[in-house]
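First chain written, first letter: the chains are A, B, C and D, and each begins at residue 1.
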Amino acid sequence: MRYISILIAAIFAHNIALRYFLGWCPLVSQSKKLSSAWGMGVAVTLVMTVTSAVNWPVYNYLLVPYGLEYLQYIAFIIVIASTVQVLEMVIERFFPSLYTTMGVFLPLITVNCAILGVSLFMILRDYTLLTGIVYALGSGIGWSVAIVSLASIREKLRFADVPKPLQGPGITMLIAGIMAFAFLGFSGMVGIK
Amino acid sequence: MNKLERLLSEISSYTEDHPYLRYITEVIDTIRSIVFEPGVSAEESPFLRDYIEIKRYMFAVVVAVAPAALASIYFYGWRALAMIVVSYVAGGIAEVGFTLIRKEEITEGFLVTGILFPLILPPNTPLWMVAVGIIIGVILGKEVFGGTGYNIFNPALVGRVFLTITFPVAMSSEWLIPLTGGWAGFNQFSVDTVTSATPLGVFANAGTLAPLRELFLGNIPGCLGESSALLVLAGGIFLMLARIIDWRVPVSYLGSVFLFSALGMYLWPNQVAPPLFQLLAGGLMFGAMYMATDPVSSPTTKEAKWVYGVFLGVMTVSIRAFSGYPEGVMFSILLMNMFAPLFDEMVMTLRYGPIEKPYK
Amino acid sequence: MKIFGLDLQQYETENKPNLRVRDELETVTVPTKGGYGSSLSPSVEIGDRVEAGEIIARNDDSISTPALASLAGEIIEIVELDGYHEETGDKFDAKVQGIKIKVSPEQSIKGSGIEWEKEKPKNLRELLYLAGLTSFGQTGVPTEFNSSLFSPAKVEHLLVNGVRTEPFVHHLVDFSEEFASYKTGLEILARTFPKSQIHFVMDEKTQENLKELSSSQRIKVHSAKNESYMSKSKMLARKILGREKLDEGGYLLDHGLLALPEIFPLATYRAVVEGVPYIRRRISLSGPATEDSIIETPIGAPVKYAIGEDVKDNVDALTIKGSPLSGQKLEDSEMPVSKDMGSLVQLTKPQGSQFLAWLQPGLRKNSYTNAFFSALAPHKKKVADSGLHGEERPCVYCGWCSDVCPVDILPFQILKTHEHEMIDEVNRLQPQRCVDCGLCSYVCPSKLPLSDTVKSAKQEQSDESHNYVKYEENEKGLISVITEEEKGRGEESE
Amino acid sequence: MSNMKDIYTAGVWEDNPVFRQMLGLCITLAITNKVVNGVTMGVAVFFVLTASAFIVSLLGESVPRRVRIPVYMLVIATFVTLVYMFLKAFFMPLSQALGAYVGLIITNCIILGRLESFSSDNSPWDSIVDAAGVATGFALALIAMSVVRELLGFGTLFGVQVLGSGWTQWVSMILAPGGFLVLGLLIWVQRSISPVEEG
């Protein structure tokens, strides 16, 4: 039950994109097309889950015992960069069809702050390994929900007559604002801890 | 009548060439087209056209909510009317101003937003907040997307949710007890009997239920137009019969609320209210009939409408039961507005297959 | 008739229209093309004397059907005619010429009847070709001549479309009077295409006295719902062939179906049994601005003459070729009547602007919605006119256009994607399914040009698709690329 | 010298990282509910960006292409760690307010983007000016956003009551949605003043 509530909380009430503003650079740039939004969403969910599964032991068994917590940023960023590299190679080797649809998004993910953010939140909130992974999975799904719905809205907006200065990023931020309003309805729904 | 028509066209042709007044030509032309339907013949097939048009389409909604609006005056005094007037004036200025700056045609969508917005506000909302809300709703909820027909979200709900989050104290902590008997609110300007919660709030805090009969007839505190489920239902049925709104959305929405609250009541008896109470209390009926059915912001394909309605029900029941807000209708509709294009796209993919080559 | 709850009853006439024959003409201008086929050059010269029914333009190398003189007389002029390929919408772009004949007082018809029961199918087809009848249908009637892109062997189903469900359009055949000849006509067709199944489709209302037809083994009688789009051959073809095939697009004959108009069996009977070639045309004339009638006139008579002086006094009328839901405006009333001109509808134009029209009660029975409060104003006069009743506005996604669409497409989405030139997305939405019923534009509250856009999207798509590039051009004009082998298969053994 | 000025002003206005390039959004959105936070973050990013631009331009071509990004990220992460420790030591409340977002400067694409596109093949002096311009633009964007949000949200600036005590606080402005809306509106304003060129 605890895992389910954390999962739901991470998707809705504590949506990583709409509540904590993470991963917005790719959200703005990759949400022009629905097809690429799906690819990006799947890729981010995957990388987020895998990196938090690696980062947790790295932090708790490598950094904490030697009092090196202040090196967490450096450690995490190395883990993320190498995980993405490994994941890319694995997918290319064993799932070539998946690679053709998703491969292009993987390198973009290294600089996605949502990935680093999830690992940092995981440490800040003292999750166990399993809750950390569930939280990362939920955050990934939540981020995907945001990018996919944003992309479908932007596809519909191609027909709309948006004022010129607002086209593109401007209107995306306003939509995000209204989306964030809607997501506030979930506040207080389920605890994140 | 011919005199009036001639006068309007004279004014219009005068302002057209005037250095300053030419900006308001659009307004004059709009007035002219509202007052006189131009007798234009169809130039391409079909040569027979239905008599329905957007003005009538929108006006039917106003007619349908009129009983609920009158009831709000009866329950809460003439202040309710003042709120409606403020909403129309402030929103109208925002709408016309925006379209004039963008040099576009003024469209009729505001006719509906202007009356629906005050009806989903608490009766004691300060008038300046009504103005702020409708301006935000019209500009950020509609005009930035290009005006009527392009908005992704329901403009009235954008304004309402903005107010709810921005002014939580004013919007959700004090409610008025409606007047009943005799001429009730028709005799006075405002009501000052204050209570702390709506039936849904009472249930969330204390777990007690309001009597269904009162909920149905309207003798309970709540938002202006939401109090009487009976009148809202009547207006909604009229709209469904007139085909202005699609019956699928209200049916699937109300049905799924009924179903999921029955299920939820069985699983979490302390948090989920019983189905009939859920259906009649709060803004559900109003939302299901007038808000969720807004054609622009809801899905257009039939299959997507069913999915949309079912999701709306799930969201509403879970927000009401588990979140910090006692009422979840407006949040869930706004939330599902966000997914409406996705549902439509998925239905199209199922029906016609994926796009072979994505656009460049 | 009812269309998805849309009551178009007021557009129908209860009275049987009179048949009026218009014959007193001084000149006729016979177009060298009518219906399917390329434009022909006259094979006669100015000053020649022609008989009624004599071939005056013919080219067996191009895809075409001969043009026949409709009245006897002297050729006096050869003129260029405008507006013909627009009407048929096909790809034969050449200018159509008109052969002007000065009618002489003595009339006789060239031709004679034959014993059709014993005739070979091939000869019957030749007879139809020479009688000028093979330009009917979407791609012409296949014969051993180049009257169609297809060979006669391709015809598996022959559909005679006797459905008249569109507003204001009458049956051209009076089934109570002409039933015997009509039945014989169908039987001749069964013999002309011996390997194919003949389907005869009628609307529910008029099929009463046709039960006798189904006694014949070769002829299958169907009935269609009284809904406007059911008069479209493509719609009926979906019923006979199954819809999946037709959603792929292409001509009906690609799927083995030859669809012919209601008048065809009767004309066949006249040509084969009575020996009268196809030189006269029946036109249904109706609408609120005129008196309902069926007009029979020689081909080539000016439309103005065919209509006569029937426009009611002091009415500003709009004349439409075809149905008011999918037809075209008649631009020029001097235009000669062509072989395929089936109906003319005269609608009144809206009279001036109306004060607060959108607020007035008065249910229009023909409206898709019920938002008119008719009970409040029973005295309100309801007229069918050609008015738009509103102004163009942005789409509000009401979904009515897809609700009324008989073939499950999303006209509003096609309009939007087409406007923004997203070709792949337009094609994904399958505009080729459209049957041109025009109902989407009819119900649109925003008065958007839906039907027109879907039509042009369909056209653009078919231009790309390979089904439509079966013919090539050479110096003789447009010729078919049917292989000799295919032609050979057209020979049936007796 | 005018060249230097151009590089600098381009970063501040025409190529403003937030309003034009849509970079560094996470931080912009997350911490701008108070002007103090905006200023602090602006200074922190200024420091990290100029310092790492300097180092990277010194490294220049000597770094192999394949490991460039990880090396840059290490450089940035080092400076961010410095900032993080500095804040924790001297400004504890601020450090708590900014939370994990200080760490997220590492993945701030402004910095990486600048290093990648400019500093790696320009002289140290040019790189610092460019970095300073971009960082100033970023800081100004942060301050603009935080001024609007704090003013409406609390009625205050730097914690000082500005709009009078009767001001009804616009709570949504300090929450997530307000951040998005204000950013969207500021983008609208900025792009209306100097429109985006086609192409």
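Throughout what follows, contacts are C-beta pairs under 8 Å (C-beta built on N, C-alpha and C of every residue); 3 or more make two chains touch, one makes a residue touch a chain.
Fair warning: this is a prediction, and the values are worked out from it, not measured in the lab.
**Q** Go through the assembly and pull out the chains touching chain B as well as chain D.
**A** The shared contacts of chain B and chain D, listed by label, come to A.
**Q** Among all other chains, pick the one whose mean CA position is farthest from the mean CA position of chain D.
**A** Ranked by distance of C-alpha centres from chain D, the top chain is C.
**Q** In whole angstrom, how far does the Cα centroid of chain B sit from the Cα centroid of chain C?
**A** 47
**Q** Between chain A and chain D, tell me the centre distance in angstrom, where each centre is the average of that chain's C-alpha atoms.
**A** 21
**Q** Rounded to a whole Å, what is the gap between the Cα centroids of chain C and chain D?
**A** Comparing mean C-alpha positions, chain D is 69 Å from chain C.
**Q** Could you work out how far the Cα centre of chain A sits from that of chain C, in whole Å?
**A** Centre-to-centre distance between chain A and chain C: 60 Å.
**Q** Specify, in ascending order, the residues of chain D that touch 2 or more different other chains.
**A** 172, 175, 177, 181, 188
**Q** Would you give the residues of chain A that are in contact with at least 2 other chains, written as numbers and ranges?
**A** Only 159, 163, 166, 171, 174, 177-179, 181, 183-184 qualify.
**Q** Counting only residues that touch at least two other chains, what does the list for chain C look like?
**A** Counting only residues that touch two or more other chains, chain C contributes 422.
**Q** Give every touching pair of chains, nothing left out.
**A** A-B, A-C, A-D, B-C, B-D
**Q** Please give the residue numbers of chain A that touch chain D in the complex, ascending.
**A** 18-25, 28-29, 70-74, 77-78, 81, 110-117, 120-121, 124, 163-166, 169-174, 176-181, 183-184
**Q** Give every residue of chain B touching chain D within the complex, in rising order.
**A** Against chain D, chain B makes touches at 140, 144, 162, 165-168, 170.
**Q** In the complex of these two chains, what residues of chain D are touching chain B?
**A** Touching chain B from chain D are residues 168, 170-173, 175, 177, 181, 188.
**Q** Once bound in the complex, which stretches of chain C touch chain A?
**A** Residues in contact with chain A: 416, 419-420, 422.
**Q** Which residues of chain C touch chain B once you look at their complex with the stated criterion?
**A** 6, 11, 167, 318, 320, 324-329, 345, 347, 349-359, 364, 366-372, 384-391, 393-400, 402, 408, 410, 412-413, 422, 424-425, 427-430, 438-439, 441-447, 449, 451-452
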